[in-house]
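Two complexes follow with chain A in common, the first pairing it with chain B and the second with chain C.
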Partner chain A sequence: MITRLIIRRLFFLVLVLFGLSLITFTLSHLVPADPARMIAGPRASKSAVEKIREDYGLNDPLPVQYVNYVKGAVTLDFGRSFSSRRPVSEDLGRYLPATIELGLYAFLIATVVGVPLGVASAVKRDSWIDHFSRFISISGLALPVFWLALMAQFFFFGKLGWLPDGQRLPNSVDPPRSITHLYTVDSLLTGNWETLRYSMEHLLLPVLVLAYGSLAVVTRMVRGGMIEVLNQDYIRTARAKGLASNEVVRKHAMKNALLPAVTSLGLQVGLLFSGAFLVEIVFSWPGVGRYAVDAIQAVDYNATMATTLVIAAIFVLVNMFVDILYLFLDPRIAL
Partner chain B sequence: MTDSQKTAFFRRALSGTMDRRQVIETGLRLGIATPLLTALAAMPAVTNAAPAERPLVHRTSAQEIDSGTLTVVFEGGTNDIDPHSSYTTLGSMVCLACYEMLVQYKGESTFEYAPMLAESWEISSDLSTYTFTLPSNALFQDGTVCDAEAVKKSFTRFRQMERGPYIVIARFVDDPETQIEVVDDVTIRFNLGRPQPLFLAAMASSFGPYVVSPATWEEHGTDEDPWAHEWLSFNAVGTGPYRLVENTLNEGVRLEKYDEYHRGWEGNHFSEIFIRNVPENATRRQLMEQGDADITTYNLLASDVVELQSNEDLEVMTYDSTRVNWAILNVPLLKTVEARQGLCHAFPYQENIDAIQQGLMVRSGPIPSTMRGWDPSVFLYETDLEKAKELLIAGGFQEGDSFEYMVVSSAADDKTAAQLFQANLAQIGFNLDITEVDLATYDDMVYGDAPAEEKPQIMGGWAWWPDYNDPWNQLAPNFLASAMHGGGSNAGGYVNERFEELMAEAENFTVEEELDEIMVEIQQILTEIDPPALYYGETKYFTVLQKDIGGFVPNPLYLGTYLFYDLYRTEEA
Partner chain C sequence: MNADRIDPATMATATGTASPLLDEARQRPESQLRKNLKRFLVGNRLNLLGVVIVALFLFLAAFGELLAPHDPYTADITNSKLLGPSLTHPLGTDELGRDLLSRIMTGTRISVQVALIVLGFAVTFGTVVGLIAGYFGGWVDEVLMRLTDMFLAFPALILAVAIAASLGRNLRNTMIALATVFWPWYARLVRAQVLSIKEREYVQAAHSIGMPQSRVMLRHILPNAASVIIIQITLDVGYAILATSSLSFIGLGAQPPSPEWGTMMSTARNYFRDAWWYMAFPGIALTLTVLAFNLIGDGLQDALDPRSGRR
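Presenting the complex of A and B:
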C-alpha cells in the first residue's frame, strides 16, 4: 500500500515539477527585460552584450533553451546564476539551509504551541484561553507577515533593543564549523555555546513572525476538530463510564481530532516558504527566499526556476510524508 | 462568554443600561492594551545592550591607532566588482577600498586632484602628455609588484575589454599599446596625441580607471574570458588599502586592512570594513538609530533624513552632488517640441522639492551647478498649467488625451511625484496613466535596443551623474543620437543636429572658456528650445553617520561611496 502510494506520489511529483518548470520558464521569459544587458551592466557595448547572450545560450530559440534547462535540471544542474555567476545548485546549497532552519523552528513552534492551544480552547470553550486562541487565530490570519515583521523589528529591536534586527549571527561572530549548515545544530554539535546563544537570539524574532500565521491555522484546525470529536457519542459514552475528563480528551478525543490537523501541518510548509520570502527581506536573512527575490528582480531565469522547483519539490515531498503518516494514524484510509 | 451572554452584553451597552461594575470591567479590558502599545511606540529607543557589536578604538603602536570595524549599510548586493566593468555605487565603493586610481579628487573639490597610486604627475604645456610617478613600494594584494608595466597592462585591459565605464579611457586612449609608454619602473606616460584638458579629471573617476593586478587574468583568464572578468566580478586584487575577505550577494562585503599598503597605516584607520546588505529601508534606519551601523549614504527616504537630524547620536550631512533627476520624454511619440514644452510646464516642481524631496533637491537643467559648463542663467520651466495646456494643444494633443508615464514600482518618491504630475494634468483636461514596472524592465526599456516608438511617452525617475567633471560626459550617454538603441540611455530617441555639432566641439575642446560658451548654447537647446527631458532638479545628497566617525569628506563626484582609508573613529577606549 505504502509503496504504491509513494510511487504514485513520485510520479505526480515529476508531473508537478514538469508543469511548474514550464510555467516558470514561460513567465520569466515574458518579462520584457534582457538578462544579458543586466549582466553586462549599463553602458556596456553592444558587442559585450551580444557575447553574454551567446555565452549564456540566450540567443537559442526558447524551446531549445527550455529543453537544455530541463536536461540539466534532471541531473540537478540548474545552470549558472546570472547574478552570482556560480552554479545555481551551489547557491541553493549556500542559502537553503538558512531558510530550512528558519522554517523548521517556525514549524515546530506552530505545532508545539498550536496543537495544545487548539485542544485547550476546544475543551474550555468560551473561557479566557479560547478567547486568547481566537485572538491568535484571527490576528495571525489577518495580519500580513510583512507588516508583522516590520512591527516586531520596530518594537523588539528599534524600541526595546532586546533582540537583534536580523542576520543569522552578529558581524563579529564567525559561523560554527559546518556540519548540517544549520547554525543552531552545528553550534550544538561542536559545543560552541556562545554561537548557539547568538544564533538562537537571531532566530527568535524571524521565527516567531514566520510561525504566527501557521500557528493561527493549526490552532483553528485543532480546535474545530476537537469540538467535533467532543460532541461524538463515543466521547459521551466514555464520560458516562466515569472516565476522567483529562483521560477522555487525551486518550479518546485527541487522536481522532488531530487527523485533519496533520494534513494542515503539511500544507503549512507552503505557507512557511512563501512567508520566508518576506520575512527574509525584513530581517536581512540570507536564505533562499531573499535569493529568489533578488533573482526575480535581476531577471535571473536559472535561479528563479531552480528555487521554484526546489521549493515545490520540498512541498510535495513533505505532503507525501504527511499522507504516509496519515496511513499509520488512520488505518481506515488504507481500506 | 456564551452567545446569549454576548447578545445581552451588547444590548445593555447599546441601551445604556450597563452597571458600574460592567463599565469598569469592560473599560479596563479595552483600555489595557491600547496605552500599552501606544507607550511602547512612543518610548525612546533603548540602545542595544550587545557591546560585542561595537568595537572600540585602540592604539596598536606609537604611531598607529586601530578604529576597529566600520559598518556601512547599503540597500543591496553587487554581482560585479570588476573595476573595469562595474557601474554601480556599491561596485565603486568596493573598488575604492581595494584598488586605486592614479589620482583622486581632492577633498570636496571637483576641480583639484590629490595623489592616490601615483605620488606625483607632470603635464606637458600643451596638455597632450601626462606623466605619472609611482611609488617604489607599491605591491598588489597578491604580492606582485605594481610597477609601470603593470599599470600599462591594467589600462590596456580597461580599454580593450569595452565594458561598463570604458568611455572614461576610450575618449583619450584608443591604442594603449602605443599611447601608454613605460618610461621606467616607476614612471608611466600617456601620450594622448592632442591637448586633453580633462584627462586628469577622467583618471580621478571612481568608475573605471583603477589599477588591477595583471597576475589575476594571467592566472584566472580562460580562452572565453581572457581578462578573467568572471573571476574579478567577485574577487579583487589591487593596491588599495583594504583586501576583500568575503563578498556574498545576500549578506554583504567584508574587507580588512592590507598590511603592505604603500601609504602605510600610521594614524587612525579602520582595520575592518563591513558593507552590510540591508534591503529594507526601515531596518537601515533602525540600525543607524541603534548604533549598530556607522554610516549610510543616500539609502534612506528623504523623510527619514529630516527626522534623523534631531537624533543627538547621529550626524546628518547634506551636500551638493552632480546628480540630476529627470523624466525622459519620448520624442517621436510626443510628436512636437511644443508638446514636450507643455509637459515641462505642467510638472509640480516646487511641490516635488518641498513635499517629496523634503528640500533635498534644487532646480536645475541637465548640468548640475557643481560641474564645469554649468550655466547659472539656465532656463528653468515654471509650473504654469495654462501655458502647459496651450502648448500641448498647439503641439497636436487635445483635451482628454492620455500620456503614459512609466516609473519603477519600488521608487516610492518617484511614484508620488508622478501622482502630483497626474493631478496637474487632470486640472487641464489631460490624463496621465502611471505604469509601474520593476527595475529590470525599466533598465531594459532605457538601455535596450528597442526603438523609442515602442516605449512609453514619459519615463520618470531617471537620474544621472557624470563619471568625472565634464559636461560632455554627463550629456553624451543620455542625449546623443549614438546613445540610442542600446548605445546609451537616449531612450527617448532624441536627435538635434545643432546639439550634435556642439557636442562634437565639446568633446574636443582645449580651452575652458570655449567649453563654457558651448555649454551655454547646449543648455539652452536641452531646456528651452528642444527639451528631451523634464528636469526635476539637482539632488542634494545626504550621509548619516555616527557622531564618533571622523574623516568623511563628501565629494560631489564620489557619490554614495567612501574613501575608507581616510575614515576613523574618534572615541578612545
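Presenting the complex of A and C:
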C-alpha cells in the first residue's frame, strides 16, 4: 500500500515539475528580451552576441530548446547562470545549505513553541495565554515578513547594536570545515566554539523573523484541533470517570488533536521557503532565496527557473513524506 | 501564504445543512442574513474594528489622491530630503523629498485595484472551472481537478515569483501571476460546493421540468455556493495585497516611482539607518490593511458557519 502511494506521488511529482518547467519556459520565451545580448553586455559586438547565441543553443527552435532543457534538468544540469557564469546546479549547491539552516531552526522554533502554546490556549480558553496565542496567530498572518525583518534589523542592529545586520558569519571569520554545510552543526562537530557563537548570533534575527509566520499557523491549527477534540463525547466520558484533567488532555485529547497538525508540516515548508525569499534579502543571507531574487533582477532565466523547480521539488517531496508519515500515525486512513 | 486556507470539505458541510424546501422560501434567507450580520457586528468587537479599518482603506482608495496634503510625485531634494515626521509632513519625507503621508494615501488605490483585478480574474476563472468540474463529473472533473492539483502543489508565492519573473517585471505581470496562483483554490472550493448542492431536491426538480443545464448551473447552483465564495474572497483580499507588496519588495511588481507600499519599502531599505519613518509607515499601513481584512474574513466565517465552535 505504501509503495503504491509512493509511486503515485512520484508520478505526480514528475508531472508537477514537467508542468512548472513548461509554464516558466514558455512564459520566459514569450518575452522579447534577448538573453544573448544580456550575457554579452551592452557594448559587445554583433559577432560576440552571435557566438553566445550559438554557445547557449539560443538559435535552436523553441521546442528543441525545451527538450534540451528538460534533458539537462533530469540530470540536475540546469545550464549556466547568465550572471555568475557558473553552472546553476553548482550555485544551488552552494546556496541551498544556508537556506536549509535558516528554515530548519525556524521550523523547530515554530513547532516547539507553537504546539504547547496552541494546546495551552485551547485548554485554558479566554485566559491570558489564550489571548496571547491569538494575538500571535492574528498578527503573524498580517505582518509582512520583510517588514518585520527590516524593523528587527533596525532595532537590534541599528539602534541597540546587539546583533549583526546580516550574513552567516563576520567577514573576518572563516567558515567551519564543511561536513553538513550547516555552519552551526559543522562548528559544533569540529569543536570550533567561537565560530559556533558567531554563526548563532547571525542566525538569531533571521530565524526568529522567519519563524513568526509559521508559529502563527502552527498555534492556530493546534488550538483549533484541540478545541474540537475537547468538545467531543469521549473526552467528557474520560472526565466523568474521574481521570485527572491533566491526564485527559495529555493522553486522550492531544493524541487526536495533533494528528492534523502533522499536515501543516508540509505547508510550513512552503511558507518557510516563501518567507526565505524575503528574509534573505533583508539580512543579506547567502541562500537560494536571495540567489533567486538576484537572478530575477539580472533577468537570469536559467537560474530563476532552476531555483523555482528545485524548491517546488523539495516541497512536493516533503508533502509526500508527510502523507506517508500520516499513514503510519493514523491507522484509520486507507488509501 | 496559503497555509491558512479553509478546508473545502468543512465548508461544504457548513452550508449544506438547510432543508432545500426552506431554501426556496424567499423570506428565510433574508432574515437569516440579517441575524448573521448582527451576530457578526455586535458579537465581536474585533470584527467591528476590521470593518472600520477597511472602510477607511476604501475611502482612501477613492479619495486619497485628492485629499493628500502634498503631491505624491513631486520631488524636492534640496529642501525636504528625508525629513522626520513634523507638522508639514506628519509621516516624514523620502529620499527625493516627497511627502510620505501623501504617497501612502495614494498607494492605497493601487492595493485596491490589485486586489480587485487579481481576485476578479481568479474568482471568475476558478468558479467556472469548479462549476463545470463539479456539475459534469466524470472525466471532465478528473482532468480539471488534476490540473488544479498541479497548481496547488507549489508554494504559492514561489509560483507567482516564477511566473512574474518570466513575464517581466511590472505590476500588470505580477497581477497575472497572482491570479494564476489564486484561481485553483476557488476551483476546488466551488467544486466541493457544487457536488453537495447538485444532489438537492430543487436541483433535481429543475432538471425534471426540462430546464437547460446552463440555467440550472447559474440560477440554482451558483447562488447557493455564493456565501462560501464570498467568505473566501474576504479572506483572500488581505493575502492578495500582502503578496503584491511582497513581490514589489523583491523587485517584481510595481516599479518606482509608484507609491505602491512594497515598492516604497524596497527603496526605504537603503535608508534604514537614517530614516526609520520611511520604512515604518508603509509597513504599518500594509499590516493594518491585511489585519483588517483577515479579521472580517474570520468573523464572517464564524458568523455564517453554524458548525464553528468559536465565538
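Note that in this section the second predicted complex is superposed on the first by the 331 of 335 C-alpha atoms of A that agree within 3 Å, B and C clash if a C-alpha of one lies under 4 Å from a C-alpha of the other, contacts with A are read in each partner's own complex, and residues count from 1 in each chain.
Convention: a residue touches a chain if its C-beta (ideal position, glycine included) is under 8 Å from a C-beta of that chain, and two chains touch if they have at least 3 such contacts.
Predicted model, so just to flag it, every value in this text is computed and none were measured.
Colleague: Identify whether chain B and chain C fit side by side or clash on chain A in the overlaid structures.
Modeller: Because the two structures are overlaid on the shared chain, the partners are seen to clash.
Colleague: Which partner chains sit in contact with A:181 here, chain B, chain C, both or neither? Use first/second/both/neither.
Modeller: A:181 sits against neither chain B nor chain C.
Colleague: Tell me the contact category for A:53 with respect to chain B and chain C: first, second, both or neither.
Modeller: neither
Colleague: Can A:239 be said to touch chain B (first), chain C (second), both, or neither?
Modeller: A:239: touches no partner chain.
Colleague: Check the residue A:281 against both partner chains and state whether it touches chain B (first), chain C (second), both, or neither.
Modeller: Both chain B and chain C are touched by A:281.
Colleague: When the two structures are overlaid on chain A, which partner does A:19 contact: first (chain B), second (chain C), both, or neither?
Modeller: Only chain C; A:19 stays clear of chain B.
Colleague: Going by the contact rule set out at the top, does A:267 touch chain B (first), chain C (second), both, or neither?
Modeller: A:267: touches chain C, not chain B.
Colleague: A:41 contacts which: chain B (first), chain C (second), both, neither?
Modeller: In the superposition, A:41 contacts chain B only.
Colleague: Looking at A:305 after the superposition, I want to know if it touches chain B, chain C, both of them or none. Which is it: first, second, both, neither?
Modeller: In the superposition, A:305 touches chain C alone.
Colleague: After the superposition on A, what does A:158 contact: first (chain B), second (chain C), both or neither?
Modeller: A:158: touches chain B and chain C.
Colleague: Report which listed segment of chain C has C-alpha atoms clashing with chain B; options: 3-11, 57-65, 75-83 or 219-227.
Modeller: The answer is stretch 75-83.
Colleague: Taking the contacts chain A makes with chain B in one complex and with chain C in the other, which residues are shared?
Modeller: On chain A, the residues that contact chain B in one structure and chain C in the other are 31, 33, 150, 153-154, 158, 281-282, 296-297.
Colleague: For the complex, which residues does chain B have touching chain A?
Modeller: 1-2, 40-41, 43, 45-50, 52-53, 55, 69, 71, 76-77, 79-80, 85-88, 161-167, 224, 230, 233-234, 248-251, 274, 276-280, 282-283, 286-287, 289-290, 292, 438-441, 443-445, 447-449, 477, 486-489
Colleague: Sort out for me which residues of chain C touch chain A in the complex.
Modeller: Touching chain A from chain C are residues 1-4, 149-150, 153-159, 161-163, 165-169, 238, 242, 245-246, 249-252, 262, 265, 268-269, 272-273, 276, 279-280, 283, 286-287, 290-291, 294-295, 309-310.
Colleague: Looking at the complex, which residues from chain A come into contact with chain C?
Modeller: Interface residues on chain A, with respect to chain C: 12, 15-16, 19-20, 23-24, 27-28, 30-31, 33, 138-139, 141-147, 150-151, 153-154, 158, 217, 220, 227-228, 231, 264, 267-271, 273-274, 277-278, 281-282, 292-293, 295-297, 301, 304-305, 308, 311-312, 315-316, 319.
Colleague: Going by the contact rule at the top, pick out the chain A residues touching chain B in the complex.
Modeller: 31-34, 37-49, 55, 82-85, 94-95, 126, 150, 153-155, 157-161, 164-167, 170-173, 281-284, 286-287, 290-291, 294, 296-299
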